[in-house]
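Down below are the structures I want you to see.
Both of the next two complexes hold chain A, though its partner changes from chain B to chain C.
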Partner chain A sequence: MTKDKFYNLILKFYLFFIFVFIFTPIAFSIIFSFNSQRFPTIPLGNFSIEWYIKIFNDAEIWQAAINSVVVSSITCLIATFLGFCTAYSDYRYRFKFKGIYLALVLLPPTIPLIILALAMLAWLSKIGMSGQLWSIICAHSVLTAPFAMAIIRLRLNQMDPDLEAASWNLGGSEWDTMRNVILPYCRPAIISSLCLTAAVSFDEFAISWFVSGLNKTVPVIILEIVQGNIDPQVNAIGTFVFFTSITLVITAQIFFLTWQMKGKK
Partner chain B sequence: MTYPLVSFKNVTKNFGKMNAVTNLNFEIDKGEFLAIMGPSGCGKTTTLRMLAGLENPSSGEIRFNNRLMNNVKPHERDTPLVWQSLALFPFLNVQENVEFGLKMRGVSSKTRQKKSLEWLEKLEVRELAKRDISTLSGGQKQRVALARSLVMEPEILLLDEPLSALDAHLVIRMQAVLTQLQKELGITFVYVTHSQSEAFAMANRVIIMNVGEISQIGKPKDIYRSPANQFVAEFVGRNNILSGKVYDIKSKIAFIKTNSGNYNFEIIDKNIELGHTLNYIISADLMNFSLVKPKNSNIVNCKLISEEYIGSMVTLFLESVDGTEFKIQMQEREYSKLNIQNGEKYWLSWSKKNVHTLKKD
Partner chain C sequence: MGGFNTALFFDMKSNRETINLYSLTFRVPIIFWQLLFFVGPVLFMVAMSFFLVKNYRMTEAFEFINWTKMFSKNYFWDSYWFTLIIAFISTLLTMVIAFPASFTLAFRVSENFRRWAIFLLIIPFFTSYLVRTFSWYVILAEKGVINALLSYINLGPFIMLNTHIGTLVGYMTLTLPLVIILQTVTMANIDKNLIEAAFNLGCKPYLIIQRVIIPLSKTGFIIAAVFCFILSFGDFVAPFYLGGSQEPTLPILILDTTKSGQQWPRAAVVAIVMMVTLFAIAFIGIMTAYSKSFKNDKR
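So, the complex of A and B:
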C-alpha cells in the first residue's frame, strides 16, 4: 500500500512538472503581453495594455484574424462533414478493401506537415488554386478530416445497431433515419469534432505558410513579426490565439466526456 | 377467396455459406398469437427479421394477404417489432419515442401527442411521458417499447424475446399484459422466444424450430402431449424417453422391450408392427410414485438421486438398476407428505394410455 502511494506521489509530481514545462512559456507570454517594457526581462515594468491597443489598430493583423476565423470555421464544417461520411460508411457497410480505405482516410496526420505542405503547394499551383483562402481551407480540410472521422466513429461504435433498424421498422426511410436517429445520436461527437478541427486549423502554421500566398493567417503573421524584430505585440496576439484554441479544445472535451460518461451508465 | 395474413412458402435464407433457415412453410392467421420457439441459433430470429423485411429470403416467397413481400423495404411495411434490446431512442424522451413512428408516417403533431398519450395510458405508464429513457426501470422500458410499436395500430406485431431481460416476477406480469392486449386488440402477435413457459403460457399456436427447420407446428397442448419427433420430445417439457423394440401385439396393446424392462402401451391411430424400433415417451407429470410395489404392468424400481423445486412443483430425478434416468413431477404438497430420502429405492408406474410413441428410423 505505502509503496503504491509512493509511486503515486512520484507520478503526480511527474505530471505536475509536465504541465509546468508546457504552460510556463505560455504563462510568461501572457504576462509579458501586459508588460510596458519592450524587452521581456525581469523585473517587469508597469502594467499596460499598450500592445493590445497596437494590434487592435493594425489593419494587417485584423485581416489575418479575419482570415483565420474564415478558414477555421469553413474548414471545421467541411472536415466534420467528410469525417462523418467516412465514419458512417465504415459503421454501416462491409466491403472489400475496407482496411485499405480506412488506412488511406487516416493517413494525412501521419505525413510530416512540411511534406504535406509542399505537396499541397505543388498540386494547388499546378491546378491554379494556390495563394487563395480556399487553398488553405482545402489543405486544412484534408489535414483535419481524419480527426473528425475518429471522434464520430467512436460515437457510432457505441450505438446499438438495432436503433437504426428500429427506425426503419417504424416507417422511417434511410434519409429520415439519418436525420432523426443517426445525426441526433452523433450530435455530441459532431459538436466535439467541429470544435477540435476548428482549433487545429486555427493554430496550423506550416501548411498555411506554404499555400496562403498573400492571405496570411494569424500563425503566419506571428512568424513574420518574430522574424522582423523582438516585438511584444506577438505576446498579445499569442494570448488571443491561446485563449481561442483552449476554449475550442475544452468545449470539445466537455462534449466528448459527457457522452463517454453517459455511454458507460 | 380469403388469404392468410402471412404465408411462407419454401423460404430459405443463407448468410454466405451459412444456412440460417431452410424451406420454411407455414401460415399465420389473423388474430392469432403465434410463438416461434427453439434453442439459440435455430433460425427463429431470422424468421422474424424476414417478416419485418430486415432480411430478404434467399429463395421462396413471403406473402402478406397474398401480396408478395420479398423485396419490400422495412419502412414500407407495417410490421412493428419489439426488440430484444428494446432499441428505444436514448436522445428522445418517453413520449417522443412513442411518437416516432407516427412522425415518420407524417401524422400531425397534435394527433401524435393525443395518440401517444393514449397508448402510454393503456400501458399504465402515462405519468412517465416526459421522462428520459435512461431513468426508467426494465419493466417501464418494456411498456414504452410496446407502446411505441402498438401506437402504429398494425395488423401484426412482432416480438423478439422481449421479456428475456426482465426479472422472473415481471415476466409473469408482462405475460398477462401481453395476453390481455392481444385479446383486446385482436392483433396478430408473432412472438419469438427460447422459453417454453412463455410460449406455452401465451400462444394459441407454437412453431418449434431446430437448426433452421420447422420441427413441429401445433397447439401448445398437442406439442406437449404428442411431440412429433425426438428433438421436440427432448426440448419440450420433462419427458422420460426410452427406446425399444416391439415384441408382441395383442388386441391394440403393444409390448416393447427396453433396457430397463418390458412395458406396454395402447396403440392409438398408429401403424405399429412387430419388430418396430420406437421411442417410448412418458411425460414426467403422468408418472405415479409409490413406496410399495404397485399392481401395474408398467413399473420400474428406482433409486432417488435428486430433486428440483420450481414453484409449487417438484421434479424428482431417479435411476433404475440399469442406469436409465427417470423423471417424475408432482405437487410439492404431496411430496412433503411422503417423507422420502435420497438413495432409497421407490417404485414408478404409468398407465398404458399415457404413453406417446415415435417411430425411429
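So, the complex of A and C:
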C-alpha cells in the first residue's frame, strides 16, 4: 500500500507539472506586461505600467478593440441563433439527408483555419464582400455555430420529450410552446453558447487577418506587432484579451455546470 | 466533441417527417448560411486551383498548370513530408505526455477534483493562442526565462527557439489541454469493476493499463489523436514563430503564397492537398476507432 501511495504522489506531481506547462505562458504574459524591460527575462525589471499607457494612447488599438467587440458580439448572436435552430431541428425532427445536414453544420471547426481563411478570402472577394467587418462576422459565425449547436443540443437532450407534447395538449400552439417552454428551458445553454462563441470569435486571428483588409481586430494587431519585433505591448494587449476571454469562458462554464448538475438530480 | 455523438442518435417520439412553416423556420437558416459561407468558399477554392494568374491578376480558367507546377517543385514535397512527420511526432508525443496526467485525473482523484481540472483545462482552449505563443517565445529565447534560470546552476544556454523543439512546444500549447480532456473523459467512463476484477485476479498494474484500460479506451484515444493531428497539421503560428520557418510547413507555404506572391491558385492547390490528407487520416482513424478487430487481442 505504501508503494501505491508513492505512485500516487508521483502521478499527482506529474499532473501538477503538466498544469504548470499549460498555464505558464498565460502567467508570464501577465507578469511581463507589468515589467519595464524591453526584452523581458529573469531577473525581472521594475514594476511599470508604461506598456498599458502606451496601448491606452494608441488610437489604432482602440479602433481594433471596438472592431473586435462589434465582430464578436454580432457573431455570437448569429452563431447562437443558427446553433439553436439546428439543435432543435435535430432534436425534434427526422428528415431525409439529416446526416449530410448535420455534417454540413459540424464540419467547419475540423478544417484548419488557414484553409478556411484562404477559401473565405477568395470567395468573399469574388462576391464583393471582402475587407469589411461583415466579412469577418460571416466567417466567424460559420466557425462557431457548431459550438453553439453542441451546447444547446446537450441541453435539449435533458428535456423531457413529453414536456413539449404536454404544452400542445394544453392548447398551446407550436410557436407558443417554443416561446414559453423550450426557450426558457434552454436559457442557461443559450447564455453559455453566447459567451463561448464570443470568446472564440474574439481570439480568432487567421480568418480575421485574411479577410479583414483595413478593419483590423485585436488579434490581427497582435499578429502584426509580433511579426515586427519583440514588443512588450503585446503582453499588455494580451493580458486584456486574456481577461476578456477568460471572463467569457468562465461565465459560460458556470451556467453550463449549473444546469449539468441540476440535470443529474 | 465526443460528448454529443450520443445526442445525435437520440430517438424522438415524433419522428415522422413534418414539413410546415414551423419546422422549416428552424431547419432552413443554417442550410442557407452554410451554403453561402462554407460550401461556397470551399468549392470556389477548388475551382480557383485551376485559375490562371497573369500580371498579378487572377483570371478564371480551367488549366492544370498550378497543379503540375506545384507537384513538380521539390520544396512542395519537402514541406509536405516535413509537415506530415512533425504533426505525427507531435501527436505521438502529446498522447504519451498526456496519458499519465489523464490517468491520474481518471483514477486517482475525486470526482470533484476531476471536474475542476477539466474546468481549468477548457480555459486555454478558448483564450488567445497567439498571445500564449508569443509568451513561449520570450520564455524559450536564448536570453529568456528558462535559460536565465538555468544559468544560475551554470547550465546552458540552450537554443530552443527556431528549432523543432520550439515548434513542438507550440503545438502542445494548442493540443495538450484538449487531449488530456478527451483521454480523461474516456478513461473515467470505463467500468471500474473491470479494473478491480483484473486486479483481484492478480494482474500487475502495468498489465492492467496495457490489457484493460487501453483496449477499452481505444475509440476515445484515437479520436483524441485525430484531433491532435488535425490541429498540429494545420497550425501556422507555432512553426512560424517558434520553429523559425526555415523549413516551411504547408500552412506557412499557403501563407507565403497568398500574402507575398499573390498566387492564390497555387495556395489553393496546397490547401486542397492538405484537406485531402486530413480527410484520409481522419477516415482511417475513425475506421480503426470503431472497428472491433482489436477486441480479439491474441497476445
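Simple rule for what comes next: the second predicted complex is superposed on the first by the 253 of 265 C-alpha atoms of A that agree within 3 Å, B and C clash if a C-alpha of one lies under 4 Å from a C-alpha of the other, contacts with A are read in each partner's own complex, and residues count from 1 in each chain.
The rule we apply is simple: a residue touches a chain if its C-beta (ideal position, glycine included) is under 8 Å from a C-beta of that chain, and two chains touch if they have at least 3 such contacts.
These numbers were taken from a predicted model, which means no experiment stands behind them.
J.: For A:I49, select first, second, both or neither according to whether it touches chain B, chain C, the two together, or no partner.
T.: neither
J.: So in the superposed three-chain picture, is A:A165 touching just chain B, just chain C, both, or none of them (first/second/both/neither)?
T.: In the superposition, A:A165 contacts both chain B and chain C.
J.: More residues of chain A in touch with chain C or with chain B?
T.: Result: the larger residue contact count on chain A belongs to C.
J.: Look at A:Y185 in the shared chain and tell me whether it touches chain B only, chain C only, both, or neither; answer first, second, both or neither.
T.: The answer is first: A:Y185 touches chain B but not chain C.
J.: Where does A:V20 make contact in the superposed view: on chain B (first), on chain C (second), on both, or on neither?
T.: In the superposition, A:V20 touches no partner, neither chain B nor chain C.
J.: Output check: A:L257 vs chain B and chain C. Expected answer is one of first, second, both, neither. What do you get?
T.: A:L257: touches chain C, not chain B.
J.: Who does A:A103 touch here: chain B (first), chain C (second), both, or neither?
T.: So A:A103 meets neither chain B nor chain C here.
J.: Does chain B (first) or chain C (second) touch A:F32, or do both, or does neither?
T.: In the superposed model, A:F32 contacts chain C only, not chain B.
J.: Could you look at A:D176 and tell me whether it touches chain B, chain C, both or neither (first, second, both, neither)?
T.: first
J.: Would you tell me the residues on chain A in contact with chain B in one complex that are also in contact with chain C in the other?
T.: Overlap of chain B and chain C footprints on chain A: residues 165.
J.: Sort out for me which residues of chain A touch chain B in the complex.
T.: Residues 160, 162-163, 165-173, 176, 180-181, 184-185, 187, 262, 265 of chain A touch chain B in their complex.
J.: Where on chain C does chain A make contact in their complex?
T.: 1, 3-4, 7-8, 10, 12-19, 22-23, 25-27, 29-31, 33-34, 36-42, 44-45, 48, 97-98, 100-101, 103-105, 108-109, 115, 117, 119-124, 126-139, 141, 143-145, 148-149, 172-173, 176-177, 180, 205, 230, 233-236, 241, 251, 254-255, 258, 264, 267-268, 271, 274-275, 278, 282
J.: For a test of understanding, state which residues of chain A touch chain C in their complex under the given definition.
T.: It is residues 7-8, 11-12, 14-15, 18-19, 21-26, 28-29, 32, 39-43, 81-82, 85-86, 88-96, 101-102, 104-105, 107-108, 110-116, 118-124, 126, 138-139, 141-142, 145, 150, 153-154, 157, 161, 165, 174-175, 196, 199-200, 203, 205-206, 210, 219, 222-223, 226, 230, 234-235, 237-238, 241-242, 245-246, 248-250, 253, 257 of chain A that touch chain C.
J.: Taking the touch rule as given, give the residues of chain B at its contact with chain A in the complex, in rising order.
T.: Counting only chain B, the residues touching chain A are 52-54, 73-75, 78-81, 83, 85, 87, 89-92, 100-101, 103-105, 134, 148-149, 152.
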